[in-house]
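In what follows, structures are represented as structure tokens.
In the two assemblies presented below, chain A is common to both, partnered first by chain B and then by chain C.
Now for the complex of A and B:
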């Protein structure tokens, strides 16, 4: 009465016997799903980027055979990317760097305070810091759209305090509003990973630094900061990746061509018809541009999965 | 070397003690306060509380506006529930539960979130179990794919899905089906990452003990591993739901028509045009349904982990 299946592989660690396809079977649905609905769509994007265009409707005609691929439209779009779109790209990079820098300063301060001085209130602090995760991004932006209206509360406070004589139209393409919106939108995603790293730092390291004669400032600079470097890098990547594809913050808080970012180019190419393969090519550019931070993030996540 | 040490004046550590003794005369001057090594971190505390107020107050105001008596979205004009289920004078059929458009969108939001949750989490959990036990080079490739779908900006998934359904998989019409397929693709990596973290902290010992005691592989998973994974699975359900019901980036491109647009997309469209407090009510509804699911998750989490080594921080640990 042999109930064990014939083909089986021996698991090195446990010594238990498993049918050979036992574990791969678990991973199969997910793997297939991703192959069909993640890899294949991306192949379509590439086929459109290297494909041609319908002469009448100007809609893209994907070419699925790599040997028939043409670089004509790609070159044309590259020409735009290095010419007409250059100001947009530079603006995107400036906005993202500014917003990320502001995020980092405040996120680090908050995470450091909660990790080191949270004490009994740590649970409360964490609940308050996690709350934005459960509030929709749209709602958080919507609340600022309402606060920043010409007759909104921000303007009434400013005019009441006589800081400005007239209400400011914050939503008419003010770069400050867009950068603030980006900071507001993404800073929660930075605080939690930073907190995770800072909370794991052994307090005795800091005490050792102080015992050896360093003051607060040097202890922070030579002990805490180096120990939290992986956390800083990870949180920078977490925040900048979506920022480069962000169009909604900009659309909601400004909507003006004066503050257009790269995400807006992508979104506009989707909303307008007859633009040929533009959307696909822009997606391709963005993926190539973000490849290094994405690979870094993936490597870090995979590392965390191996040894925690 | 010993000279430099002996040159230091002897320090009486007891007198520098933290609480009352540290409050010597010098700490009252600003410079003395700055130099006092045991001073409370007032600047950091101010930044932290300021940040918390800045991050949550606007949302509380927006929730308040949903109960506005007037039609303004920026100024409080008295309390009423007309934008939820009433007939406001300025827009009689504009309230959240009255407007046929918003009502349909609300149902679409709930439908998409629940379906995504019940498809993505089982696939993700099975994938996580398979990938951490399966040996060889193949699982590394599958894991790479999964992580890639995790880190890629969402707009890229949205656009590539739109092009995919428009040019290759034409039999999937834009609408609920396309939205669901895209949402599951984007969300499936969350349970994988959460469950794998939990599996690492569990280790393999319990499963090995079960197989040593005569359990078959399937029994070991069903009766030993899965119960240990329940907390992580629960957190995955909550997070996937919260993320899906708020999602508008992927879904917007795949709606196909205004009849399949969920509430989040409506909020986005209205935010750029004419705003009424009904939009605030819609956003508040999304927040409320997320809270209900989260509280349900916390309640079940408590029940499940009653016998286990349960840590309150473990749930938050998944997010960091």
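Now for the complex of A and C:
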């Protein structure tokens, strides 16, 4: 009988026999999901990027046959991507790195506290961590727009405490505001996966570290931190990828060309008549760029699995 | 409708542009059309027909008459009974009270669907699946809509108030001669909105080039322009002394781009779409490029509702009325399910009383003969305040503005690309 070797022992142990397709069959819904909701739409994006526009309506006209694809828009956008868009690209990278780093520091501290010291109140803390998801990202940003107005509460408090003599125009294209907006918006997405990983760390590992003479600091540095590396990487991926395409944080909290991010260029193209292929090309550029951290994440995850 | 059907429709549109002569051969490259023969059998007649354009482009000095691709509905038909009037309009652009009163008079229901920009509006119209009775396009997309046979010709006998109540200009607008497909909805100009308590009227009116106020470093961080590439680059052109807001000259477009870019370093300019009616009243902006309708209605958004606060809201438009001027239109889609009711609605909106009620709410002025510019600042509207506050008199649109002002009209795709590139360069900082 030709049964998959890895399955056989477990199957034999339970006394049950499964046909060969049984276990792989569980991947079918996920595969279909991926095919219908990722592969096909992505092919449409490619078909638009290398397609054309409707001669009357100027709307994107996807070309599904690769032999009819045109590289006109690719050449045009490549020219911009390596020229006029360069400051935006660099700015986006800097903003995302800064925001992610700040997110990581705060999210790790919160997740660590809840996982290690949450005790009986863990449930409450978890509910509080999930609370931001009850309000949409847009609404949370809009509330900050109100708070950061020249006559808003933030300035009222700062001037009342004499931290600043005059109200600060936080919304006047201030990079700090945009970065903090990204941090505020995405930090819940980092805390939860980090908490998941930290909570699963076996307590006996920490005790072993302490038994071997390490103090709290060194136990954290030598045991907790390395064990939570997959969690850190996963949360970085979860947060970083959407940040690179984010446009409404900058739209709402700044609106200045000085803080334009790559997502804003994409958004501008999407909203302009006849710019559909250009927008699709920019999407492809972003996808290719984001493959770099994604591949690194996959390599590290595979390495961690091998080590286990 | 599936994407395939949408594409088939796109193909059909492509066929139309050459009067049926240019077929999308099954073996030919998608999206391509043959040239030639289009003028004779084209969808309209006009003297400005750039190479590659599937229809004539309307200009103030080159008006377009669109052909009737089908007969209008017959005269004297009774309005559809128990119908639901499907209105497809910009978000927050029509006073519900006006619609409700119409429905009470004609015993119908209504359903309003909104779009946020013209592309979005066109995209849904093109599917043909959503059967709207009324659509509110800007004049610069009429060529697309009529070439795609998405609008139906109007039967003027249902709309007598356009002749009796509306400016004569709109009985023969340059973008739709003999108003075959459109009636005017509202009119507006683009000028400068500002805080009068910070910038006296006399100061801005006394400037040799008031557009230079955008470069005043005193207001750094509190200056905005519209997040709209046509409006923004047009402002750059006007600042540079150019008045052709449809120019295809790369040199002028590039100069306008550089002008706008210089704004970033000078005053850290920001772009917004609601900066006039929300940003200025809240103090986020002191100066903002402004549509007259936004300025007129901005008093409704001040945090403190009193005359002293309202008096801080200013609007400037050139005294010689040589500035950007526009209007939106109302049309009836080809597949409207209640075309008779829709015709009656057009007439309803052309009636002085209803048009002015709508004006009270949305701040955008209808092209009404009785809306005398001299009395608009003293006549009280629905909310008990003048339609236009006296200090905003520059925001009152006059019929003559459509002879002296400059229209932003449809560009060819090649020219549009130049404008868009300039906008992206500006946005890149």
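The rule we apply is simple: the second predicted complex is superposed on the first by the 235 of 308 C-alpha atoms of A that agree within 3 Å, B and C clash if a C-alpha of one lies under 4 Å from a C-alpha of the other, contacts with A are read in each partner's own complex, and residues count from 1 in each chain.
Note that in this section a residue touches a chain if its C-beta (ideal position, glycine included) is under 8 Å from a C-beta of that chain, and two chains touch if they have at least 3 such contacts.
Since the structure is predicted, the reported quantities are computational estimates derived from the model, not experimental observations.
In the superposition on chain A, contact of A:275 is made with chain C only, not with chain B.
In the superposed model, A:53 lies in contact with chain C only, and not with chain B. Taking chain A as the reference, the larger set of touched residues comes from B, when chain B and chain C are compared.
Of the two partner chains placed by superposition, only chain B is touched by A:195; chain C is not. By the document's definition of touching, of the two partners only chain C reaches A:63; chain B does not. Of the two partner chains placed by superposition, A:224 touches none, neither chain B nor chain C. By the document's definition of touching, both partners, chain B and chain C, reach A:255.
In the superposition on chain A, contact of A:144 is made with chain B only, not with chain C. In the superposed model, A:87 lies in contact with chain C only, and not with chain B. For the contact definition in use here, the residues of chain A common to its chain B contact set and its chain C contact set are 44, 62, 149, 151, 255.
For chain A in complex with chain B, the touching residues are 11-16, 18-19, 22-31, 33-35, 37-42, 44-45, 48, 60, 62, 106, 109-110, 112-114, 116-117, 123, 125-126, 128-147, 149, 151-153, 184, 187-188, 192-193, 195-196, 210, 215-216, 241-242, 244-248, 251-252, 255, 263, 266-267, 270, 279-280, 283, 286-287, 290, 294, 297-298, 301-302, 304-305, 308. The residues of chain B lying in touch with chain A in their complex are 37, 41, 44-45, 47-48, 51-52, 54-56, 58-59, 61-62, 65, 72-75, 123-124, 126-127, 129-131, 133-135, 138-139, 142-157, 159-164, 167-168, 181-182, 184-185, 188, 192-193, 196-197, 200-201, 204, 207-208, 211-212, 217, 220, 242, 245-246, 248-249, 253, 264, 267-268, 271-272, 275, 279-280, 283-284, 286-287, 290-291, 294, 312-313, 316-317, 319-320. For chain A in complex with chain C, the residues that touch the partner chain are 44, 51-59, 61-63, 65, 68, 80, 84-85, 87-88, 91, 149-151, 169, 171-173, 254-260, 264-265, 268-269, 271-275.
Chain C contributes residues 3, 7, 10, 13-14, 16-17, 29-33, 54-55, 117-119, 122-123, 126, 144, 147-148, 220-222, 224, 227, 229, 261, 264, 268-272, 282-284, 413, 416-417, 420-421, 423-429 to its touches with chain A in the complex.
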